[in-house]
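Note that the chains take the letters A, B, C and D in the order they are written out, and that residue 1 is the start of every chain.
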Amino acid sequence: MKKLIKGLREFKSSYFPANEELFEQLSHGQKPRVLFITCSDSRIDPNLITQAGLGELFVIRNAGNIIPPYGATNGGEGATIEYAIQALDIQQIIICGHSHCGAMKGLMKLDSLRVEMPLVHDWLKYAEATRRLVKDNYSNYEGEDLLEIIIAENVLTQIENLRTYPVIRSKLHQGQISIYAWIYQIETGEVLTYDAQKHAYVLLLNQPSPSQIDERLSSPPFTSNGERPFTKNQQQAFQSFHKPPISTDTGFPMTVLSPEQMERIYRGSTTK
Amino acid sequence: MKKLIKGLREFKSSYFPANEELFEQLSHGQKPRVLFITCSDSRIDPNLITQAGLGELFVIRNAGNIIPPYGATNGGEGATIEYAIQALDIQQIIICGHSHCGAMKGLMKLDSLRVEMPLVHDWLKYAEATRRLVKDNYSNYEGEDLLEIIIAENVLTQIENLRTYPVIRSKLHQGQISIYAWIYQIETGEVLTYDAQKHAYVLLLNQPSPSQIDERLSSPPFTSNGERPFTKNQQQAFQSFHKPPISTDTGFPMTVLSPEQMERIYRGSTTK
Amino acid sequence: MKKLIKGLREFKSSYFPANEELFEQLSHGQKPRVLFITCSDSRIDPNLITQAGLGELFVIRNAGNIIPPYGATNGGEGATIEYAIQALDIQQIIICGHSHCGAMKGLMKLDSLRVEMPLVHDWLKYAEATRRLVKDNYSNYEGEDLLEIIIAENVLTQIENLRTYPVIRSKLHQGQISIYAWIYQIETGEVLTYDAQKHAYVLLLNQPSPSQIDERLSSPPFTSNGERPFTKNQQQAFQSFHKPPISTDTGFPMTVLSPEQMERIYRGSTTK
Amino acid sequence: MKKLIKGLREFKSSYFPANEELFEQLSHGQKPRVLFITCSDSRIDPNLITQAGLGELFVIRNAGNIIPPYGATNGGEGATIEYAIQALDIQQIIICGHSHCGAMKGLMKLDSLRVEMPLVHDWLKYAEATRRLVKDNYSNYEGEDLLEIIIAENVLTQIENLRTYPVIRSKLHQGQISIYAWIYQIETGEVLTYDAQKHAYVLLLNQPSPSQIDERLSSPPFTSNGERPFTKNQQQAFQSFHKPPISTDTGFPMTVLSPEQMERIYRGSTTK
């Protein structure tokens, strides 16, 4: 606690005077451009990893970056989403999972939580679609590999849940919202993003031509939209979002992935 | 009631003897191929309109053919879906709305229901995304036209809700479930189906070459699938499902549709 | 799916033209006389077995023909019942169970469902009164016999649940609603109905003089009412409804029925 | 979005290499010392204002920094608190409100939210104690002054709610948790903290002798405890927590504060 108070003093004596104008301006209202939904995990600092300034990120944080389906509960998630979209007119949403997520570890040993942490147990019900999908489709993985799959699939599950909110559905219809799936890697400080064209998470920065990639990855891949002209690629990108991250060039049946495929799916195909 | 008893007698004395073998066989178990979700409305008879025999359709019926998002409530819908997919291994789901739907009319005058029919009012919460989307995007429609839009959009809303169920999400991932959006027209006895390629509901039967069309419309347009080889068209069909039913050849901004566009969207482009 | 589309075509080309007037009339509104609540099981077709026409049956279908007690959940059942009684002024309700019911089989192995089909498990909570009653009173039955008892008792349980709805309770008070308990036998195509006077399910059609029997069986046996003068028989009928279906001429305690009694209760006393 | 990706690149190329050891260490687990509960508002960056490093703050963020009472709902708040205390053994909790809070403004016009933002409306139910207390006790305030009172009282309301969680209650009983009420002033970058001895929010840093003040303000003022010997001051601190923040030198009844009292309560008595 003393450390925090010392920090407050530092902040007040150095950061604040250097940015006084910004603070004055922020006191008149916020106009964030991004709703950033991530885990409560102390190892994530959304503003730090994106170098976003004060006033740029509207943030929801809970254990496991979980969004209950619309109507499932009256927790803060739904209200905060509604406020972000309706009152603040935010048009970009990032759901950001992360490696080594304790909540997702909980999904792997759900029964043991029933007594020990009953609220966590009940909360993970909203990640049940993740648990089920992984159990049915990745049964030959375990340990760290399994955890990585769970983390990756869970971000996509939560996007499905997010889409059931009235305010989201209406804006998607109008093509006014983009939704991004991110995974933050604690050990490398890197971010993976779901590339709907590749049905895979890819490293956001590790691409041949940065400017070109940035164009693609910073365009709204999950916008449900018919208003502005799509390039063919963009359209495919959005459209294939709902497909499972399955390689199509490896024959079938493909219910079980090889470690190499898995590697490619989860880490993105450009890592060597 | 007397009429029903008379009907039972007829059924027993004519239909039953003529199909005794079928009944004997059904007594050993059911193996339906389709989960048919529709409204309780008395003017719909799923078996009649599809000429499906006993044992072919597993049926959920409630006011408004509504499926609450996963976890939103403990009504019969979720359990029955789970049973259909998990225990019966059904792989095709039809959500079938219909013209003149009383529940959807209720969406247009929600406030008046609060006192008069509180359970209906609360139930329509799970069609709130429909109400919101239509309010935001079709504000210049009213009366019958508005009702038709609501009915059409609601079927798509309920498919979004359906996708949040763990058992559905896992099977979609494996490409083992197809979901179809239908609208039954009481006055014409016709069925519209959502054609994801056209972003429009089209008449299921009113197509140039029946055999060819049947091929397309009876293939799983909403299968989320990477396993079996898709034709390019099929793939596009699925992929564009989530796009709003907006014409792309009419310029922009397209937030408000002309009556002609609307006509085309809702009734399908082949009606003249 | 192709088969269904073929069926739609048949329906449109043969049934529809032959009944065009009916369809025209139905497009102006529905006026069903019966709310028919039954299981989602594909082997049941309410309109077929009762030979009811379009517009006659308002239908609720879910796994196990279960009606949660009022206030227990916000699923479609309550809203649909409310709509049927309040908006459509329906005065006759049939709850129709059936032989070989998969949901009722689930009641016999509830624990195993917790993991395998959690939503079904939770849904069967609303049939817990059935499970408990049968466990306490029919402990010496097993297998098929036990299943038949469960199915029969569950219809009565669900009628109890149905009676908790405000709209039902008020109309029952006014003597304006009749509730019938039916069991459809898949293998024989026959329907049993609960005869409150006999405390037994009896074959609806297998009676000496059809016209006379029809009179009794088509009169409202379960009209609950305390205000208008009951005939003695009617009163007994109502009062004995809440009792277990026990024979009154065999002394007590009667927690366990003899096979003969059971036979009579479940199959009806007139079967030879 | 491009700006965020540019930020990610900066973070990866400058911050990460300079702190590689920290990231390596964090990949083995988190050991945060503080649970920091604050609003989703984009103008707050918990790590920035406290200068806390990665791994130090476990963060819950939602609209209005609201914690529903235990059992009231199954949102993320309860599960995340449980995880923080039970799994991570965190012993210090800060609930941090802030000036110009949009959610708290919502409390002032609750009725208008019912239609416009129904989820926000329902969510604010968990701040109803704030609304009621302020309505009953500060009726002669309005506008900005009223908003400041609401913000200040709401943090205390949410601490009451927080205390209803089993895991919190048990740890409080053992004297193993400290709870702090903070208010962050967007325009000045300063933090007020509730001083239970003074029944007032005081500026955390604006004290004669920093070291001395830090001692007091960084000690657990709200540790609830009956087991280990309290110092007289500590005991008073806890006991007076539950009282309204009233001045003790002005007699009673004190339902309405004078502007001077209000000034002192809200801003802290040391501001000149």
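Here is the rule we use: a residue touches a chain if its C-beta (ideal position, glycine included) is under 8 Å from a C-beta of that chain, and two chains touch if they have at least 3 such contacts.
Source: prediction; values computed, not measured.
S.K.: Work out which chains are contact partners of both chain A and chain D.
M.R.: Looking at chain D and chain A together, no chain touches each of them.
S.K.: Just to be sure I understand: going only through chains that touch, what's the smallest number of steps from chain A to chain C?
M.R.: Between chain A and chain C, the shortest chain-hopping route counts 2.
S.K.: Same or different for chain A and chain B, when you check if over half of the residue numbers at their contact belong to both copies?
M.R.: same
S.K.: What's the rotation, in steps of 5°, that superposes chain B's Cα atoms on chain C?
M.R.: Rounded to the nearest 5 degrees, it is 180.
S.K.: Measuring from the mean C-alpha position of chain B to the mean C-alpha position of chain C, what distance in angstrom results?
M.R.: Centres of chain B and chain C (C-alpha means) sit 26 Å apart.
S.K.: Just the number, please: Cα centre separation of chain B and chain D in whole Å.
M.R.: Distance between chain centres: 48 Å.
S.K.: Between chain C and chain D, what is the separation of their C-alpha centroids in Å?
M.R.: Chain centres of chain C and chain D, defined by C-alpha means, are spaced 55 Å apart.
S.K.: Taking the mean of the C-alpha atoms as each chain's centre, how many Å separate chain A from chain B?
M.R.: 31
S.K.: If I count partner chains per residue in chain B, which residues reach a count of at least 2?
M.R.: 68, 72-73, 125, 165 - these are the residues of chain B that touch more than one other chain.
S.K.: Select the category (line, ring, star, complete, other) that matches the graph of chains linked by touching.
M.R.: Per interface graph, the chains form a line.
S.K.: Can you list every touching chain pair?
M.R.: A-B, A-D, B-C
S.K.: Give every residue of chain A touching chain D within the complex, in rising order.
M.R.: Its residues touching chain D are 1-12, 15-16, 23-24, 26-27, 29-30, 32, 34, 40-45, 47-52, 54-64, 66, 68, 72-84, 86-87, 92, 94, 99-100, 102-103, 116-120, 122-125, 178, 180, 186-191, 204-205, 210, 214, 217-220.
S.K.: Show which residues of chain A lie in contact with chain B when the two form their complex.
M.R.: 68-73, 125-126, 128-129, 131-133, 135-137, 157, 160-161, 163-167, 169-175, 199, 224-228, 235-236, 238-244, 246-248, 252-255
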